[in-house]
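Labels run A, B, C, D, E and F following the written order; every chain starts at residue 1.
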Amino acid sequence: AQELMNKTNEKCFAKCVTKPSTSLSSSEEARTTCLSRCLDRYMEAFNLVSKVYIARVS
Amino acid sequence: AQELMNKTNEKCFAKCVTKPSTSLSSSEEARTTCLSRCLDRYMEAFNLVSKVYIARVS
Amino acid sequence: AQELMNKTNEKCFAKCVTKPSTSLSSSEEARTTCLSRCLDRYMEAFNLVSKVYIARVS
Amino acid sequence: QAQARLHQSIHTFTSMCWDKCITGTPSTRFSRSEESCLANCVDRFLDTSLFMVKQIEHQREQARYQ
Amino acid sequence: QAQARLHQSIHTFTSMCWDKCITGTPSTRFSRSEESCLANCVDRFLDTSLFMVKQIEHQREQARYQ
Amino acid sequence: QAQARLHQSIHTFTSMCWDKCITGTPSTRFSRSEESCLANCVDRFLDTSLFMVKQIEHQREQARYQ
């Protein structure tokens, strides 16, 4: 679970925080929306990859 | 040998499978040609790098 | 210190040696200037990151 | 230990296929093409690994009979 | 061991924020925007980590009361 | 252990110099420029490492006599 969290943070930071700036309320909201969706999608991707991979190797 | 295999797979997958799609016979052939050449070139690069590096450090 | 050295070499090689060629005296000088500045900047970045990070977590 | 290696592979594949297939801003769901790209990415990577192993064995065979 | 983890994080952040913020050729000093980008990069990454943890806890809470 | 470190360096250099020098689709042989790029890449990386070590020693010397 620690590695999944680290990877998610790394990928979503790269996608949602392109220009690191001081925290601003307007861009702040766009960022949290992006991070929240990115978290859900990365978990979904992880589950999809697990399913396909396990189906192949077993 | 395991690490060389892992690296070769990673590099050649990146080069030869740019858009992962379902297996199609026409693109399939182009892909296996690319993978086969990539394997030979990566091994050649590994040997060349070894030779140059060992000549320098010894 | 070993890891800092490895990272610095990797980052500065990527920045300052874009087209690896045989050693030439004119480009050689531009390269050493670039490497010398890059070394100083990477150390500065490391110190800045340490300061900000330690201030946040403590 | 086989369990740990399996988990490590899944992390590596998720990371690699995410970078290859998810190029835009994350949305509320994957598009159809993103989803099939992710699934195909895993399958094609496993095909690649198998192909490479066979290719190396093939070259060894040839070298032996020369 | 906590010391080693702290050091490892600083190396990871320096590498990641260097790639994100220092895009040109190294000069005799950082520009103002490079310097603030580096500092903000660490802060925003820590914000991101905290946000992710909270988000996951929030989803677990919701799942429990459904 | 020195043997293992040597092997690890060769893997790292092959990977790094492959990314730097081999940008097109793999062909039946390396072009002349790809081949010399690979060899020079290793040499220039070793030059870089040596230069960095000397530079740090030089700065320490200067700091001591100030």
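Going forward, a residue touches a chain if its C-beta (ideal position, glycine included) is under 8 Å from a C-beta of that chain, and two chains touch if they have at least 3 such contacts.
It should be emphasised that the depicted structure is a prediction, and the values quoted were computed from it without experimental measurement.
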Task: Graph distance between subunit B and subunit D, where chains that touch are linked - done: 1
Task: Most distant chain from subunit B, judged by the mean position of its C-alpha atoms - done: E
TODO: Could you grab the centroid distance between subunit C and subunit F? Build each centroid from C-alpha atoms only and quote it in angstrom.
DONE: 14
Task: Approximate Å spacing (C-alpha centroids) for the pair subunit B, subunit E - done: 33
Task: Interchain centroid distance [CA atoms averaged], subunit C/subunit E, Å - done: 20
Task: Of all residues in subunit C, the ones touching two or more other chains - done: 12, 16
- [ ] Please set out, as single numbers or ranges, the residues of subunit D touching at least two other chains.
- [x] 17, 43
TODO: Could you draw the chains as nodes, link the ones that touch, and say if you get a line, ring, star, complete or other?
DONE: ring
- [ ] Could you list the chains in ring order, beginning with subunit B and heading to subunit D next?
- [x] B, D, A, E, C, F
Task: In the complex with subunit E, residue positions of subunit C that touch it - done: 3-4, 7, 11-12, 15-16, 34, 37-38, 40-42, 44-46, 48-50, 52-54, 56-57
- [ ] Provide the residue numbers of subunit C that touch subunit F in the complex, in ascending order.
- [x] 5, 8-10, 12-13, 16-17, 19-23, 32, 35-36, 39
Task: Contact set on subunit F toward subunit B in their complex - done: 6, 9-11, 13-15, 17-18, 22, 25-28, 30, 35, 38-39, 42-43, 46
Open item on the list: Under the definition above, what is the set of subunit E residues touching subunit A in their complex?
Closed with: 16-17, 20-21, 36-37, 40-41, 43-45, 47-49, 51-53, 55-56
